[in-house]
Amino acid sequence: MIDIQISDKPLDISSCIDWVMSPDCGGIDVFIGTVRNATKGKEVTRLEFEAYRQMALNEMQKIAEQALEKWPVQKLLIHHRTGVLQVGEVPVIIAVAAAHRAAAFDACRYTIDTLKETVPIWKREVFEDGEVWVAAHP
Amino acid sequence: MIDIQISDKPLDISSCIDWVMSPDCGGIDVFIGTVRNATKGKEVTRLEFEAYRQMALNEMQKIAEQALEKWPVQKLLIHHRTGVLQVGEVPVIIAVAAAHRAAAFDACRYTIDTLKETVPIWKREVFEDGEVWVAAHP
Amino acid sequence: MKVNVLAFGIAKEIVGGSTVEVELTSDATVGELRAELEEQYPRLAKLASFMIAVNNEYAVADNALQQRDEIAIIPPVSGG
Amino acid sequence: MKVNVLAFGIAKEIVGGSTVEVELTSDATVGELRAELEEQYPRLAKLASFMIAVNNEYAVADNALQQRDEIAIIPPVSGG
């Protein structure tokens, strides 16, 4: 089972974990991205996330389906936040439940690694003295 | 920072995640063990966990310290439950926060893998028609 | 033909809006669109990379474009 | 000397209690304790493995034992 969401409201970690928990699973791996207070030593004021919404949902669905093909995983959830986030807030939650932990770890890590490469979502870091679209320039 | 606990009360996933979250971390990996309803196709009624308490705390502390030496990780938490657990309950939570996700994943996986090899805690699976200490026999 | 191209992230700033109209030949490909965009907006060529998506899928240079396609400029992604 | 040995998990069932008293020579090692335990409780030798812990640390066969040490039989662990 797969649950993919993009939301401009705060993500709810507990309800994500509740969704993946099931009596035939023994291991759950959860990745939670959080907004750091600094990048390369420079203080971050806030982050802004923009998504190409329908394509981003499609690409996340593809990643989830690939993960379910590659590993024996029962449930995989991806929730991504958009809009303005303050330091400490959560842009992304990935939760994976499997009968055995190795599959949960592998699938969770694959999902976040691939999401960061292919899903059309963009992050702008805002500093005291300016802002930058992350990864835009070489 | 390290937080190690053994408790005979239900573990609180949210408070574990809250404890590791910090503004200088960008990635949190959480492993949650849950009691499966079956082992090798046989229905499990409940699990019972017994710990050699002080030694188990010491061994978990060692693992956490090793993980903090091996990877750039800010916070690592291990909470382990003892006593009688029903299907779906949580015997173990490991939560790791790091500036970057790779370290969080590596340290979390190392911690659960090593915990299962070295920490003196024992699990008895109870079935309809008997019970077995897991891993006791070849 | 004229196509409307969606722009996101830094591409929105470079083209000066969330869509940009581009004039192409009627049998134009994704590669020709890229070339046209880079000519009109040289800052696009200075990005680490950019992709074109057609109907919500990443497209390659050979892909033909139709006027009614949903076309988008995808600058380097940075979600998660 | 007589030492009290803690037993956990399946070892508790094998020795019939959470501690067992074992009579050893005064300069006995962990290896000698293991041999004595296996002789008195042959089911211990049939486990996948078992370790001896001394003062909350895994011990090896050469380690000498003192009467006041906290000694424990550690059958195969299965936490997590």
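So that you can tell them apart, the chains are marked A, B, C and D in the order they are listed, and the count of residues begins at 1 in each.
Methods note: a contact is a pair of C-beta atoms (placed from the backbone, for glycine too) under 8 Å apart; a residue touches a chain by one contact, two chains touch by 3 or more.
Remember, it's a predicted structure, so these values are computed and weren't measured experimentally.
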item	value
Lowest number of touching-chain links that must be crossed from subunit A to subunit C	1
Subunit B omitted: connectivity of the other chains: A, C | D
item	value
Centroid spacing, where centroids are CA-atom means, of subunit A and subunit B in whole angstrom	23
Between subunit D and subunit C, distance of the C-alpha-averaged centres to the nearest whole Å	72
Chain centre separation (subunit B, subunit C; CA means) in Å	48
Residue list for subunit B, restricted to those that touch at least two other chains	33, 112
Pairs of chains found to touch, sorted by chain label	A-B, A-C, B-D
Subunit B residues touching subunit D - in the complex, by the definition given at the top	33, 49-52, 54-56, 58, 80, 91-92, 112, 115-124, 133-138
Contact footprint of subunit B on subunit D as seen in their complex	6, 8-10, 13, 46-48, 53, 56-58, 72, 74-80
Subunit B contact footprint on subunit A (complex, rising order)	13-14, 17, 21-38, 87-88, 97, 99, 101, 104-105, 108-109, 112
